[in-house]
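Dropping a structure here in structure tokens format, bear with me for questions.
So that you can tell them apart, the chains are marked A, B, C and D in the order they are listed, and the count of residues begins at 1 in each.
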Amino acid sequence: MNRESGPRYWRSLDELARTPEFQEAVQREFPDDEWDRLPPATRRQFLKVMGASMAFAGLTACRWPAEKIVPFAHRPDGRTPGVPERFATSMELGGAALGMVVTSYDGRPIKAEGNSLHPDSLGALTAIAQADILQLYDPERSRRLLYRESGQEFVKSWEDFTIFVGERCAHDGEGISVLAEASSSPAVSRLRDRFLAARPQARWYEYEPISRDNEREGTRLAFGKALRVHPHLEGARVVACLDADPLFDHPATLRLARETAGARSPESETRSRLYVGESTYSLTGARADHRLAVASGRVPSLLAQVAHLLAAAHSIELPDAAAGFAGIAGSPGDEREARFVEMLAADLAAHHGSGVILVGPRQAPAVHALAAVLNQALGNAGTTVTYTADPEPERPSHMAAITELAARIRADEVQNLVILGGNPVYNAPADLRFGELLEKVRYSFHLSLYEDETSKLSTWHLPAAHGLEAWGDGRAWDGTYTLRQPLIEPLYGGRTAIEVLALVLGEAPFSGHEIVRAVMRESAPAVDFEEFWRRALRDGVVQGSAWDAVEPIPDPSGLTVALDGMRILLEAGSPPNAQRPELVLVVDARVHDGRFANNGWLQELPDAITKITWDNALLVSPSTAREMGIADGEIVEVEANGASVELPACVVPGQARFSLTVALGYGRTAAGQVGNGVGADLYRMRTTGAPHQLSQPKVRPTGRRYRLAVTQDHFAIDTIGFNARNLRVADLVREATLDAYLADPEIIHHHDHHPPLISLWKDQVFEGEQWGMSIDLSSCIGCNACIVACQAENNIPVVGREQVLNQREMHWIRLDRYFKTDPSLAPDEVEDAEVVFQPMTCVQCENAPCEQVCPVAATQHTTDGLNAMVYNRCIGTRYCSNNCPFKVRRFNFFNYHKDLKDTTQMQFNPEVTVRSRGVMEKCTFCVQRIQAVRIAASNDNRPIADGEITPACAQTCPSQAIRFGNLNDPSSEVSRLREDPRSYATLAELNIRPRLHYLARLKNPAEGAPTSFGEGDAHGKESV
Amino acid sequence: MNEDKSNDIFIFPKWTWVLRPAIAIGGLGGLLYATVVVAFGFSPLTTDVGYAPVQPVPYSHAIHVGQLGMDCRYCHNTVEHTASASIPPTQTCMNCHKTVRVASEKLIPVFESYSTGMPVEWVRVHDLPDYVYFNHSAHVARGVGCVSCHGRIDTMEVVTQKEPLSMGWCLDCHRNPERHLRPLEFVTQLDWVPAEDQLALGQRLRETNNINPPTDCNTCHR
Amino acid sequence: MQSSESAREEAALYGYLIEFDKVDELLAAAAKVRDAGFTRWDAHTPFVIHGLDAAMGVKKTVLPYIVFLAGLTGAAAGILLQWFTNAFDYPFLISGKPLFSLPANIPVAFETTILFAAISALVGMFALNGLPQLFHPLFRNRSFKRATDDRFFISIEAADPLFDATTTRRLLESISDQPVEKIEEGE
Amino acid sequence: MSTTTIDGMSYLDNTGDDPRERARLIVGDNDFASITNTVCGVVERPKPPKIWWVIFAISSSLTLVLLAMIAYLVTNGIGVWGLQIPVGWGYAIVNFVFWVGIGHAGTLISAILFLLRQRWRTSINRFAEGMTIFAVICAGVFPGIHVGRIWFAYWLAPIPNQMSMWPNFRSPLLWDVFAVGTYATVSLLFWYMGMIPDLATLRDRAKTKVRWFFYGVLSLGWRSSNRHWHRFEMAYLLLAALATPLVLSVHSVVSFDFAVSIMPGWHTTIFPPYFVAGAIFSGFAMVVTLVIPTRKIFGLEEIITLRHLENMAKIMLATAMMVGLAYSTEFFMAWYSGNQYEAFTFMNRAFGPYAWAYWTMVTCNVLVPQLFWFKKLRTNIVALWIASVLINVGMWFERFVIVVSSLSRDYLPTSWGYYRPSIVDILTFLGSFGLFFTLFLLFVRFLPIVGMAEVKGVMPQAHLDRPGHRGHGDYHGDIAGTEVVS
């Protein structure tokens, strides 16, 4: 971190704070945040100091280098040193604002949590939204304005830029184009309107590589105007997801996750049943009661068959305009498909008004149109799915927009191109050759967080402010007005899109704060604005500002177009085969469209299904792999649309036959040290014509091997291991069908085949608060949010690909993923498999095996029943980890914090010790949160209330699968769940008495559906 | 072999007999010596107690607290509610020194800090290892007097560490707190002495305020 | 020989030394000296000779009792240490197990027992034998070097109450035809 | 007894088993003096043979490698090894158990065979005890360096401190500290004490002042007084009696490190006897490996005779059968327990990813020793040497299989792993051999490698010339007594 930009961190505290001394001063204010006590420059010394202080603390308390305490000269009002503050703000991704509450420690935002008042958050937060805070402190973020002229670079100031732009754009806008990211911000749209009004000749385009435009266009076809689709799952008895993944890629995914969890719980009357037809495993697919692995290209036909059956077999009335759809059904690909369609159609017909058909964003508008029509016909519209008007009905689709822009540039109609965020050079459709086009533009201005691929080709690069550094606004998916406020001054002097727009426009106000207030004042009711503004800031949202639902009317003309569209799709949609496999490009759960490539937390986050970190891979099902001669981990050359890419293959069940899947967003070249060269870039074969499914890829195995850094075993292993794994799943992850469970609630305990658990010793009596946790496997959707929450809360290091390959990842909570396959099949014959997730962390055994083996008593049991790990006592024999049946302990094989930049250290949580090299660590049930509450409670001499303490993982769980509380309090939520017949402990037969219990997973298959693999047969088997 | 050429025959002198007693005494003595050195030389009592670094401003608690009778909480105002007692901002000093001793040379750093906004850099005296999470409020709010850990600050010209602040020392009090408990109103009164027997008083306070300090590792280490 | 003797007439006398080259000669001789009632005398052999103790009438050593006591001390120390550290001074809860339970303490207690006993055995042996004693008058005698090789010796100290320069010499000469050598005290 | 023939070698063969005659333990026409000369000759020869220099050069440079690796480890962290989660113990612990195992032969031969009146032990016990010490030193290196924060390793000792913290005596690892510590101490005492008379011999033969001083001080002024011998014998007997349970306890405690855990493949009640048998097995194998070249190089064939080698071969055969039994018992228990985890662990050992290690182990430890059923092979020095080397290899793999293959696949399939040693692991392991051989070579060079006093004690000349008593050592004092009286 170079010095001159150092002083800028703490500007927010005090105008006088431009000096390093003050910076250090504030950082040193508090004794308890050890990593923060030393000035950044001496960060490395700190580790020595800590090591030394530990060393001497052993025998003596020798004095380490004298420390300075540096108080404020003028302590700001309302600031109590060392006490964290929480601010409501939001983050915008892909045109929807997600509300969150950020914890700030002495002016440093350290952790983002969900905002319970926000309709799309409900208190939870996605992995990406939580990891965004690491982006804020990324030392590689752009920190300078650059101007390129004839191959030379000049560092400029914002003033230079303002003048330059003023000169360039001070006319009617001729030759000016703006390329913006999708945005829901009222401020942005207001400035845009003013801009276009002031410069009539200027053009405005919006491009987002990952969007729900197909759905939008679908509604345009079905109803004549663009509508926004809002599924509501809490009351949905039958949910049909065709290539749709509402639990992952929907802007309201957190709400939907919460709703499904409720709808599926045995207590609820809904007893939701989930049908999923998809080409690759999605989180929704993992959840499904009936899942059909079907090629992406077959999905239209699938829906057409459903339509046909509904009309023919179940006499569902389609609107006249749509009657044609009933006639076009192609023949089912195979009997699995046929069976799936029959069951689905029957179920949908049987649950009129309480079912819903969802089609994924990768499917063509026509398919969405048909889905909309069917939802209407089934009376689902208005109950399980509602519509609101699209905020920008006139906006062309992103594909159309970028194509038109490209055409105009090619026609030399663009001299000045203002790119507000986004990275088109990297992620625009390959056939547009956007990089080359950018060269043709005389002056291009690129605003972005990093000097990325696009910045490198633009004449001007402008550093953008991070969301947590700037004022802003936005709208939730349902339109709720959402505010964004800065928690810290821009570290690197970046600015936001609205501020830059204001500059370009040359109109005051220029400060984001003013702009946002101005825009809000317009939309605000006439009553006391200051009051209104304060409440909005406190809540982060303007309550009740969601859009009203609209009543959609089918549009005959559009539907005929859709019908033709369907016909074409059906002809194209014959099942793929070894000669012409299908290649599906999907959005990645970690780097999204690639913008988070430089985020270590996300790169190291294991993919939910494949468990791959630091890579993307070509996913292929075992049997397909065998037939195509591809081995697991073999490098494969994929060629399509004139581009050819080499990437490793990952053999994973659940892929449709001959349907290959690769995630976008990898293979960045200008992301930063973390993200550069990670994975392969598939945008290079993504075209305007075929953005999602490539029908004719050439796939060539190269025979070269590549070790994928997976945090779990590969699917394909030796037969002994394979069989043992199959055998164990049923015991580790208990499952039952809803009906069976209701008939016999004890059913899941029929697995316990162990002798009575009698201890040699007199059992320990635990009095006072006794902490316990419960995880509902029925609710867990495997979204990984808990992992990132834990990482942020507990200062867990990122170890990098090499260390993950050595199985040294540090995540305290991991998401165990098991495939349940037909035991009669060999590993390479498997086609399809069920997936179950089991969040696994330290279960805090009462008779913890780890404790007795530690020679120095560095891990002991506390009186409140926690298995405490004392870092400063640990000498690192690793015996405890060896003796841990769950292998949830993590060891600092190296000093993983050694090379951290001082900015990155600013994210650390001062309440948690940063572990040095050579010590063991593990989940503590967030003991720092427990202690904070306990001290507060005992200070005012009151008992701790249930729910007052929430560990990070439980706090952020979208489906509220994780519950925490006092087991000695019979009224607590966790005690109630402990009594639930579904409650069981893994490896209970070892008599270790885990404090973490699981609630068995319930499935709700339709009558007479085939029982899932591993279910029936695992029963008789011994589990002790 | 017995007719070997070398006619001088090697032999140890008689005084080597002292070896036996020497070994016995030396062995035991050395052991004793080592124990003593380790026990006292390395103890925090030797290494830490009495640490009194020179401060940028020769601030005298003896004057402010002892003579003027200021309460600890006037400056360390967060001590009852938060983990850290927090050193006061320059503001606090200036509340009085705007008018008092405005000419004093010793106060120049304070005045500078006030005008420039640059903080005064105090040297930490009571310094716990980085992995120890001590919470002032938890102790002060339960009736542990400042004096128990900091000694008679009100008599100190220069703040000096009076207690070892070692883990063993902490545990002593956590195991039998009654020796250090006092009525809440006297917590900051450094020269307070109980009217009755301290143990009896402590015992009573302990029951009435149900004080049972935890000795779990993660009470202090997280 | 004679001359050298007369030369050292006045030098303090340590005792007589006589050499054998057969085990059975030694045994017989030892028995005779024993029966003559000498107490401060000794036999020197390169290795242990079974029966020599009896032939010399050596009393059984007390070493075993010392070792036994040391062993008991070790056992007690082992148990006490574990009780004091883990159950009394700083009790902590481990794996829901009792603070003090013998089974877990047996291994360490056993080892300390052995350790104490073994050390006492060696130290005790040295102490009783008065080793280390780097100097001894006998080392003055060149032929005595073979006591660690292949020869056997009997030495009688002048300090013995029954010792008399002439009678004792005569006794020794009657036992063996080997020359009887005088050994002087060292200074 | 096999008759002496003209054939140069066969007179060395004393392996006959004629019940009427006790076999000679020392062959050739040796008397006390010749024994002294032969044994002291090894130390007194002006310069060691070339081969000694060659091996010393190699091993001492390997020792340097060991030191370098340790330095690298300490500066960078345990991560330089191949360890990971789930396999938290790898080469370091495998080597530790391996070396401790080797370290068993010495005390066993000196103590147990002494109590059992196995008089043939005399020729080899000094040698074996020396080896024990060096093996234990090598073993001691590993637990020391394998901890994450070496500078805190002293927390293992119950030293009063300002934290008022104590070690946790419920941990087998702490038992280990005491067991190995005690064992090292006692073996050292035993070794040194037995050596005192022989050091005296070297002192008395010393030609230079330096040698005389060196051995003079070491022998503490031993003057081979019978009154000393008496207590010496008693101390020796007591030490033997103490060392016998000790030697059995040490590897039992080492095995507790595993047996006390709950890992399938570790949590096994048969571990103590199984480990002890294995230790004796490997110990004798190492003695044979070392003694064969040594006796050749220094011409000790008449003292360390073919019969000694054959006896050791027999012991190896016996212990091989024991470990073989242990292997099969484990499998039986795994099947009989009906515990799916236990069952899998052993199937996995034999047929899983680490099968190669398992079958190496079985071949070397169970199959190879079966050759010793044949006297021809037992008494064939070359065959014996090769076999003993293979057994050492096998025993190392036994520990590897137990430690690594069990850990690599435990309860949750999601945390299974595969351990690969890093180059640092391997170099450290080789380095430990360097240390071992360096120490051993120095021992051979400067200290009496055969207990002369004890060997002389079992020679015919050491006993009364009377029929029926030739070769029988148990000559009773009272005979002398009565003889005198009569």
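We take it that a contact is a pair of C-beta atoms (placed from the backbone, for glycine too) under 8 Å apart; a residue touches a chain by one contact, two chains touch by 3 or more.
Being a predicted model, the structure only gives us computed values, none of them experimental.
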Contacts common to chain C and chain D (chain labels): A, B
Chain whose Cα centroid lies at the greatest distance from that of chain A: C
Pair with more cross-chain C-beta pairs in contact, given A-B and B-C: A-B
Cα-centroid distance, chain A relative to chain B, in whole angstrom: 48
Approximate Å spacing (C-alpha centroids) for the pair chain B, chain C: 57
Gap in Å, rounded to a whole number, between the CA centres of chain D and chain A: 59
Centre-to-centre distance between chain C and chain A (centres being mean Cα positions), rounded to whole Å: 82
Two or more partner chains touched - positions in chain C: 90, 92, 94-95, 97, 131-135, 139, 145-146, 149
Residues of chain B whose C-beta touches two or more other chains: 1, 12, 16, 38, 43-44, 164, 166-167, 171
In chain D, residues with contacts to at least two other chains: 33, 159, 161-168, 170, 172, 174, 205, 216, 221
In the complex with chain A, residue positions of chain D that touch it: 76-79, 82-86, 88-89, 146-149, 151-156, 159, 161-163, 165-168, 170-174, 177, 257, 260-263, 338-340, 344, 347-348, 351-353, 407, 409-417
Contact footprint of chain C on chain B as seen in their complex: 1-2, 9, 11-14, 16-17, 19-20, 23, 171
Contact footprint of chain A on chain B as seen in their complex: 38, 42-44, 47-48, 51, 53, 78, 81-84, 86-91, 113-114, 116-124, 127-131, 133-135, 137-138, 141-142, 164-167, 209-210, 214, 216-219, 221-222
Of chain B, residues touching chain D in the complex: 1, 4, 6, 10, 12, 16, 38-39, 43-44, 164, 166-169, 171
Chain C - residues contacting chain A, complex: 92-98, 101
